[in-house]
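What follows are several structures.
In what follows, chain A forms one complex with chain B and a second complex with chain C.
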Partner chain A sequence: MRTSVEQKLVITAMSSVSSLGKTEADMAASLSAVPKTGMVQDFGFHRLATPQPCFCLSDFDPEAILGKKGLRTKDRATKLLLATVETGFKDLFETTAEDARPGICIGSAFGSVQSIGDFLSDAIVNGAHNVNPMAFPNTVINAPTSNANIRYSSRMSSSTVATGFNAGIDALIYACTYIRAGHADSMIAGGLEEISYYWLAGCAKSGVLSASGTMMPFGVDRDGFLPGEGCAVFYIETEEHAAGRNAAIIAEIAGMCTCFDPKLDGCGACQAMTGACSSAGVEPAAIGFVSASANGSPTGDAVEAQAIARLFPNTPVAAYKAKTGECYGASATLSLACAISDMANSRISGTGAPYSTGGICNLVQETRHHVRPKFALINSFSCDGYCASLVLKNRK
Partner chain B sequence: MTNPDIKAAIHTLIKEIAEDMEIDEAKITDEAHFITDMGLDSMALLEVLATMEKKFGVTIPETEFPNIVTINKCAETVQKYLDQKK
Partner chain C sequence: MAVKHSGLDFSKEDPKRVGVSLGTTMGEPQILEQCIEMLYEADGASDSIPENLPRQYPCGVIPANVASHFNACGPAIMIPTACAAGNYAIGYAFDLLGLGLADVVIAGGSDPISKIAFTGFNRLLATAKEVCKPFDKNRDGMAVGEGAGMLVLESLSHARKRGASAAIIAEVLGYGIACDAHNMTIPDPSGSGGILALRKGLKSANIAPDAVDYISAHGTGTKENDKTETFIIKAVFGDRANKIPVSSLKSMIGHTMGAASAIEAVACCLMIRNNTILPTINYSEPDPDCDLDYVPNTARSAKVNRIVSNAYAFGGNTSALVLGKYED
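And then the complex of A and B:
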């Protein structure tokens, strides 16, 4: 096994479950359609005072994908991850010897907060003596990942990255680093986020949710974001490993960089984007389109727009969150899946419903067809200043 | 004399667990051993006991756990601590 940092890391399979659908065909179709939102209000133990518009998975039926066995006490986050892995990687696991099956690394901002909150609520309301012991394992942040390891008999690695907004992209970086360090020659990695009562309550109180119920990244009238949920997972392996099993390469993770922006002035964002390009060995001008992290936040979008304009003044900017909502730890990985889908279909998907940006950036609002970008830059910028960027190379 | 509601509640929960674990419902009898006959695991037994404690408002000491191996034994134990409350 080669362990050089020069070793190319490629994506040979991907799977996602989100408001864009459960299959690659669903995603391709949804990306060219007007975004659809639903409503959430009930969360079992708790209920929101008023319904919240969001990009939720109202028709998510884990039993239809996973069967009934073993799901009764699993939480929604675990079911989301299992359904995503089952849809995209069941065959891969079944045709690979157990001791050679890839490890799993998943990023999540809020992880098990719904299960933790419900467990504590139960203890507070009914007394600690009356808690359900079967609900306790769900409170462990690695529960979804370890349940995937158990279901697919993956012995290699099991980890959860919890770095907030950027957890998904950091999970990919962790997996790449793990492979390059020689611990494995392939990994399954991605991002996961369920909509939970607790983070919705926090976001509502913080005033970051859109009061108008709209999702307008870089829009002049943007007033916050709509929450979303989902999971996107990728099979990452060395190019050599992929060749050894005759796997078709979808894309290459060509470069990556993370930085922190303590002053929130865009310097960290610029550094992350520049660093990712440098890591990929390409000039910013070679980037065919930027997948922005923008989510409709008045300040965050402005900082990102300025940073993008500084480095990529003429580059088209896609804002996939207009169609997935803000999915926190899953957002960047869902954007990555969207970018791969767009590259495969020779297009850059627009935001759907048109709105004014005031020329803040080259936002793609109407889908551009017949484009064949070789490189795409995926941004994941957090409101706390943490910035991560990844350069994707089209290999199809 | 065991309250039939207790046994019915245990049966209902065991059936739910058995369905989730794909255990043959025919194996669920009043005298079948939870682990050796039915194939339940220790976590499932903890759930049964915790649920019965909550439902009937009793506290079953851990020293009783090794004896609670069948639906009948479980129902008798819950009844015993229910009677002690009176």
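And then the complex of A and C:
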């Protein structure tokens, strides 16, 4: 295997589960529809004081996808990941010899914090000597990824990345780095997050949720985000490996950059975007549209808007989180799936429900059709300082 | 301490070329523990929980704090692959440097003592009644611990450029990761993931099994781990397995979870520098299933040029880090 930062990496399969649906056709249809939200309140050991609007998967039925066997001790995060992998990659695993099956790298901010918190709650309510030992393995953050390795006999590698909002995009970059360092010629990589009581209660306490119950990236009246959940997973391989098995290329990951912004002043966002363009060998002007990280945060959106305006003053900006919610570790990977869907359908999806942005950026609110962008930039900027961008090249 | 020891002056470094790569099992579980205890004390109301407390919980906060403290603006990552996380983080740092994506990476692992780990391992009957006795016939489990191990890794060209090549402690030669894909808590008795990680590590380091002078074992002190790890070492090193000293530092400092392999990497670097092999303490009775040279109870003077450090984890995650003496 060759070692090079210039090695071409392509996406040849993808699968996602989110409020946009479970199939590529679901996603394409949902992207052109008005966003749908639901409500959550009860979570077993705990209950939110008031119902929380969110982009939850209220009709998620893991047994219908995975069968009943082996699911009893699995938590929601693991089921979301397994359902996504089963839908998109079961055939790939089953038709590949065990010693050649790709490794798996998944990003998640929390793993299953519902499992971790419930394990602690169980110890408080029922006593430490009575907690269910079968629940303990779910408390490690790598449990969902490793469960996927176990289900599909994937032995080549199992990695988990946890960098808050950026966990998914950093997992993709980890996979690309792992391949380029010569450890593998392909990887399954993506992002995952479940909606859980502990996450929502923490967000409520931190004051980051929208009090008005709206999700308006870059909106003048934005007041926080609505949480979402889901999972998006991709098969990333070297171009040579894809060619060797005659795989159809969905898109190329032409450039990437991950970095850290200690001051949260937009320098990291600029560094990530320019770094990704530079590694792709394209000028910012060649980017057909930007998929923003914006989630309705008053400060975060303003910083991103300024950075985009500086580097991409005339480029259309898509805000897919308006339709998926803020899915933390899954967010950027869901945005990547949306961007691929839009590129395949020659469009840039709008936010669906028009609202005023005050001209903060070139936000696409009404879906633009008959556009054929060759390159898209996928952003992910976290409130902790993690910044990452990918340049996606349309290869269809 | 690692940064101070490196002699690096970060004010003279390009911040964009300095990265952070850390591993953990639990991150900051004590924050979640505090929040949940407050919830129960207040009958489910969250009023008493301080506003800024929940945001300190996600494990991604740890490398973010390190990066902020040192103004590191390069790649930053948390790789929470449980008890093998330190090796994974050092491995990722090695790749960042090897691909020229950073000049310096602060790498390692950290885990505080947690009720979750203490309760969970007790409920799985995996903790020692008295002391941790890795590879001993009467071993009965691990001792849960806490700690952090940090290394400053830099490319050789960067070290030379700043005139630090004389201060190089050791060289990261390569690493391998794999997965048992067998069970969340029990190692694959056939050692599939451990064997694969070890072979990948040696291949990545471009060294033959014969070149290994010492193995820092995962060596938790549980019946299954130590038996399987012995099997793995024999499968990879063949007839030479019983000639290679193998020891478990967990006999002395407990199992520090995601920090363990990072702390072990620090110890391995010092063993290379000091030509000393640390022992497996609390060892008294040989086990027919564990029949290697475990350096029982007393440190040993020996030339140590090439070290393999194994680390395994819940989920079947396996890893092998290969370190060596730096030779100009």
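Everything that follows uses one rule, which is that the second predicted complex is superposed on the first by the 396 of 396 C-alpha atoms of A that agree within 3 Å, B and C clash if a C-alpha of one lies under 4 Å from a C-alpha of the other, contacts with A are read in each partner's own complex, and residues count from 1 in each chain.
To be clear about the criterion, a residue touches a chain if its C-beta (ideal position, glycine included) is under 8 Å from a C-beta of that chain, and two chains touch if they have at least 3 such contacts.
Remember, predicted model here, so these are calculated numbers, not experimental data.
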Of chain B and chain C, the chain that contacts the larger number of chain A residues: C
Contacts of A:268 with chain B and chain C, given as first, second, both or neither: second
Which superposed partner A:131 touches (first chain B, second chain C, both, neither): both
Contacts of A:290 with chain B and chain C, given as first, second, both or neither: neither
Partner chain in contact with A:70 - chain B first, chain C second, else both or neither: first
Overlap of chain C and chain B interfaces on chain A (superposed complexes): 129, 131-133
Residues of chain A that touch chain B when the two form their complex: 68-73, 126, 129-134
Complex contact set, residues of chain B against chain A: 16-17, 19-22, 43-44, 46-47, 50-51, 53-54, 59
Chain C residues within the chain A interface of the complex: 16, 20, 24-27, 29, 32-33, 35-37, 39-40, 44-46, 49, 51-55, 57-61, 63-64, 67-68, 71-82, 88, 92, 95-96, 98-101, 115-116, 119-124, 177-185, 192-193, 196, 200, 204, 313-317
Touch list for chain A against partner chain C, complex: 3, 5, 46-47, 49, 103, 109-111, 113, 116-117, 119-121, 123-125, 128-129, 131-133, 136-137, 139-143, 145-147, 149-150, 152-164, 166-167, 170, 173-174, 177-178, 180-181, 183, 198, 201-207, 258-262, 267-268, 271, 382, 384-386
